[in-house]
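Both complexes below contain chain A, partnered by chain B and then by chain C.
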Partner chain A sequence: MTAPRRLEGKRCLITGGSRGLGRAIALAFARHGARVAFTFRKNQGDADDTAAALRAAGCEPLVFQGSVSDAAHVQATVKAVVAAWQGLDVLVNNAGTTQILPVALIEEEDWDAVMDTSAKGAFLFSRAALRTMIRARSGHILNIGSFASERVIEAPIHYAAAKSALRGLTEALAREVGRYDIKVNLLSPGLLDVGLAQILPRHRIDEYVSQAAFGRLGSADEVAELAAFLVSPDNSFMTGAKIVADGGL
Partner chain B sequence: MTSAPAADLAAILREGFDSYRQYVNPLVSLRAELLAEPTRVTAVRDGQLVEERGPVEDFHGTQTFGHRHPAITDAVQRFLASDSPNWFPSRVNPYAGALARALCDRANQTLEGPRPAYDNVFFANSGSGAVEAAIKLARAATGRPRILAFDGAYHGCTMGSCALMKPGMFRDRFGPHLPGVVSLPFGDVDALARELAAGDVAVVVMEPIQLEGGVRTPPAEFLAAACELTARHGTLLVADEIQTGLGRTGRFLASEIWPRRPDIVVLGKHLGGGLVPISAMLTRRDLFETAYGQHYAAAEAHNTTFGGHGLACVAALATLELLTDEVIARVARVGAQLRARLTETLSRHPLFEEVRGAGLLVGIALSPSDHPWLSFEHFGVDALRDQPSVGVILCHRLYKRGFYCFACGHDWRILRVLPRFTIPEAVLDRFATTLDEELAYVCSLE
Partner chain C sequence: MTAEATDEARLVHRTTSLCRVCKNALPADVVATAGGEVWMRKACPHHGAQDVRLSTDAAWYEETRAIKQHAAPPRIRHKTIDLGCPFDCGPCDAHGQKVRLPVVTITSACNLDCPICYVHNKNDDAYHMDVDDFTRILHHLRDDHGGELDIVNITGGEPTLHPQLLDLIELAHREGIHRVTVCSNGLRLARDEELVRRLAAVDARVALSFDSFERDADYLLQGAHLLATKQRCMELLEKHGVSTTLIPVMTRGVNDHEVGALIAYGLGKRNVRHLEIHTITYTGQGGVHFDRAGRISMYEVLQRIEETTAGLLGPADFVPSPCAHPLCYQIAYLLIDPDGGPPIPFTRFLARDELYRALSDRLYMEPTPGLEAVMRDAIDRLWADGGADAERILRLLRRMLDDMFPTDRALTRREALAAGERAVKAIYVHSHMDEETFDTERAMDCCDSNCYPDGTTIPVCNYNVLYREKEAHFNREPAVWNERSGGHRLTLRVMP
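Up next, the complex of A and B:
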């Protein structure tokens, strides 16, 4: 029995798609038959690796380098994607950043950088994508949040604040564009085998595992599969929702 | 006995805006807040309004020489400091007499030379009041019932003037309206000829340029026909110059160039220098006598208690002093430059249609956006779902850049720009640049 291809022909753009969960989502979307574009900020090597993996999966990606908080980059990226594919069906606001710091050591510029990437970036990309999606009266926007804004746990406050901002953005935007049949949802993963777990001290990971119902970290691939469902036509009635996939923390 | 304390102006400027919302018109306050209009203006500097975001260039058109021009303010202050009466129980009012003479002298001179037409004036307190005076005079003088106006018209909000209004928000809920009023298609010579042929039309009321109707100038052939047909059928012709008069189009009166001088001209808006409300209806003495007789029985058949009171006339006389031929020539020159600059600058934008108008009465016509997210429906204002939003969105953007612009009342696709006559050319250049940037932004949302 073959696995369903939920995103056959869908035109998808993923921010922060060169590594970690973003890369997993890009590859999952390709497996589901999507056309994939992704952005990255710095690491050309990671971007090349992801692009190669996508090609190997039979998907010729569009790749864009820039900061999600740079309005000009955002506009140019969405414009190029729309020009190449005559539309855009799915936007995943995945780009994020953080530093593991206590409040006393978070500088103003650290705060701004985290907020700019997660919150402002999602706003800019959503606004740019909606111009096309609203005309088409169809689309999905999936914001990638974090368990850090859903649980009372030790988390860098700027990261938790930025991810919480995404929840508000998701709910309000879902309300505003629902009339055009555009779904906006928030997927908040727990600690995964990529991303934040790579920079956490060991005892914090152990603590997470010990408290989670499943007793393990999540994998990027299983969260990416969930993302593929959320932005697929199979999700026909869920919008403004917050989906937490954290292994039962 | 102690006198009451003088009004605390600082306290009023601090608290009165909220009182306005509570006690005057909450809907106007709501609109101003939603559109981020520069509402809380608390001072005037060099003719500009000042709010917390900085100076605001007011393009409404009521402040021809800028807000609180020193010469007009000084004339008003000198009058108040004098012991002259302000109001005359007999109504034989020297200030009204002086202003009427000055207005007729100016109106009878055109750019092409003397063209005598007016020697009788009625003063009121608003443009609507002057329009009422005109249609009453016309009915009384002709003994005929009917009044013709044109689609797109805006002549005021009193019951008589409102009856001449284009159907819509300003008119619909106030019916039944004055009987005998017919609205004709704009610029339709055949329709006008047909209606006038019945011989029962007292007056045709028209604007030399429809402002709220979208800055629309009637075609020259229509003006020629209107002048000829009204004369042939004994119908009076009224030029409502409340928006176009007093130099706004680069002439003292825009109707100076009509083939026949209208029987009645209505003035208002900035006649009082933006400080004191006053309006005027200019006509001929023979028409006045035909309407009201040569004896005093009907001397006050139409009147208004405070029309032409001393203070208002002093402000108007000071305004006329400022309104020199040189100033009006500048209006023509600077206005032409502005329209050319805007046309050249804005033509690259897909939503731009054209720039039109005369002098410093400028209309910027835009195409309505068809993008759903730029609709009033998307903004949650279902009552406006059929209105184009493009003009309002641009105004909203311009407010933040220090320009107080407005969309035309009957056509929200058209921005109406009526700068002060003394506006520095550098400010107009900055406006053109700013509008270009903001229209580019709005077009990018398309």
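Up next, the complex of A and C:
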């Protein structure tokens, strides 16, 4: 049986797409027939690897380097994507950052950096993308949250706060732009085999696995597949939702 | 040495020791003298009364001995009790600790003949452990003693003379060992930069014997003038970023006054992770005949450290290892200032019992729940209560966390461990036993064992004192029970 291609021809932009879950989402979207653009901040090598993987999957990506909290970069990126593809169907606000720090060691600049990347970045990119989506009277915005804001677990407070902010942004924006048939949802993955799990101490991972109904970490690919469904035409009635994929924590 | 234990001495505890001549088991009294020292008193029916000083400070000895270690016995026993400790090693049913520091002796060959050598080696028809045997040992360690291993220590002889050393190191990493250390005298490393480069490539840690900066002491302890060689070796290890542990052997009146300089040297080198300071033991091919005036106790080493580090470290900055007998290991951790400020002992912001708890059941500091909990409490306390050095300590802890958990990429566990060990260095003082100081109470709680392919493990002091001298792998004429061997010279040949 041929796997479904849920995103055939869809024009998709993913922030923080060069590694981890962002990269998995980019590749999943390509498998589903999408045109893929992604942004990255620092690591050119990772971006090159992801671009090469996308090309190998038959997708010629658009790649942009910059900070999601830099309004000029955001404007330029969206403008370039729209210019290249004459529109934008899907935005995934995936870029995020965290630090493993207790409250005593979190300085003001740490707070700002984490909030800027997750919350402000999602706002800036959403606002820029919406101008195109509203004109088109359709679109999908998918914000990538975290189990850190969904369950009572220990998480760095700035990270948890930023991800919680995304929930509020998702719910309010979904209500505001629903009249244009633009869906805005929040996907909150649990601990995955990429990203945070790579820097957590082993006992933290073991604790997570022991608490999860499935007794394992999630894979980036299975969350990426879920993301592909959420931004596809198959999702025609879900907006303002938070979808938790954490293996049953 | 003159026996100072008098009839007025107070009994501290009774144990089983060995005769220094025939090595038969003897009942021994450990007593505190009126002068505040601790002595072991025993008498062999054939070789007479034997007294040896165990500590110059009875209060420290008793307080330290009273600390209860974490009980973690081995999963599988290889010997039933027959003759009693230390003659049933395997481990036997009475042994209290699983192996935390596995020692794998991969070769009998050595290119040096140190007067203080406490083992037996041979170069004629030298023994080299094969890869299959090494693999079997790793599997036994995992299955018989449980789970992940913090470390495997590869030793000899001189392990760099083993033709498949690099293969063995890679194999240990593939089996999930966190740290693979290679003991070395540094001779080959100092003139074989390519080998140093390859050791770096396989992420080996070199445990370099480094006893002295002084020409006479150097010669007395190692039988050769090696300071320039050791320094060249250190240059190459540093150049190629090979994680290094320095291992000085402390000998009273010979190099104990240098311990502070050795510590400063190690703390100042970016690639040095730990210092492991040993006390001299009088066993093996060299040690048997070394001057007994050099015997030094654990507490004396801690005192010398205090005297020679200008207050940086003192006895109160050390805690015993929770997974060894408390008289065997003392450990201090120091927070390193990358900007060159003085290191900060952990005991300046943690109570000693907190530090002991932070080590939980590990011989080396690992990111355990216990460590995390203790460090978080300490950070909160420093932040809330302030204090003289609080800002600086918090700044250093923050830098350590930034190095271990960078935001722009995920480090591998090995990279994170290395980053942590650059920020926090440990100083271990490890007191081995010989025939004269042997105490079965310590041997039964030992976590530091020589390992065999059939799963047998023998605590290293038992191994060095009783077992190795009887193995044909390491002796041209293996000893038999009821005799003491050693005091011979190694046949040295031109080696690579």
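The definition used in the following text is that the second predicted complex is superposed on the first by the 249 of 249 C-alpha atoms of A that agree within 3 Å, B and C clash if a C-alpha of one lies under 4 Å from a C-alpha of the other, contacts with A are read in each partner's own complex, and residues count from 1 in each chain.
In the analysis below, a contact is a pair of C-beta atoms (placed from the backbone, for glycine too) under 8 Å apart; a residue touches a chain by one contact, two chains touch by 3 or more.
Because the structure is predicted, anything quoted here is derived from the model rather than measured.
Novice: Spot which of chain B and chain C makes contact with more residues of chain A, would you?
Specialist: C
Novice: Please indicate which partner A:Leu105 is in contact with in the superposed arrangement: first for chain B, second for chain C, both, or neither.
Specialist: A:Leu105 sits against chain C, while chain B stays out of touch.
Novice: So, does A:Ile134 touch the first partner chain B, the second partner chain C, both, or neither?
Specialist: A:Ile134 sits against chain B, while chain C stays out of touch.
Novice: By the touch definition at the top of the document, which applies to A:Thr97: first (chain B), second (chain C), both, or neither?
Specialist: second
Novice: Could you tell me if A:Tyr180 is touching chain B, chain C, both of them or neither one (first, second, both, neither)?
Specialist: After superposing on A, A:Tyr180 lies in contact with chain B but is clear of chain C.
Novice: Once the structures are superposed on A, label A:Ile199 by its partner contacts, choosing first (chain B), second (chain C), both or neither.
Specialist: Only chain C; A:Ile199 stays clear of chain B.
Novice: Just chain B (first), just chain C (second), both, or neither: which does A:Lys42 touch?
Specialist: It touches chain C, and chain B stays clear.
Novice: Examine A:Gly58 and indicate which partner it touches, taking first as chain B and second as chain C; both and neither are also allowed.
Specialist: A:Gly58 contacts neither chain B nor chain C.
Novice: Counting contacts the way the document defines them, which residues of chain A are shared by the two interfaces, the one with chain B and the one with chain C?
Specialist: none
Novice: Please name which positions on chain C make contact with chain A in the complex.
Specialist: Contacts found on chain C: 367-369, 372, 376, 379-380, 382-384, 394, 397-398, 401-402, 404-405, 407-411, 413, 416.
Novice: Help me check something: in the complex, which residues belonging to chain B touch chain A?
Specialist: Listed in rising order, the residues of chain B that touch chain A are 371-373, 378, 444-446.
Novice: So in the complex, which bits of chain A are touching chain B?
Specialist: Residues in contact with chain B: 75, 130-131, 134-135, 137, 176-177, 179-180.
Novice: Flag every residue of chain A that touches chain C in the complex, lowest number first.
Specialist: Touch list, chain A to chain C: 41-43, 97-102, 104-105, 113, 195, 198-199, 201-203.
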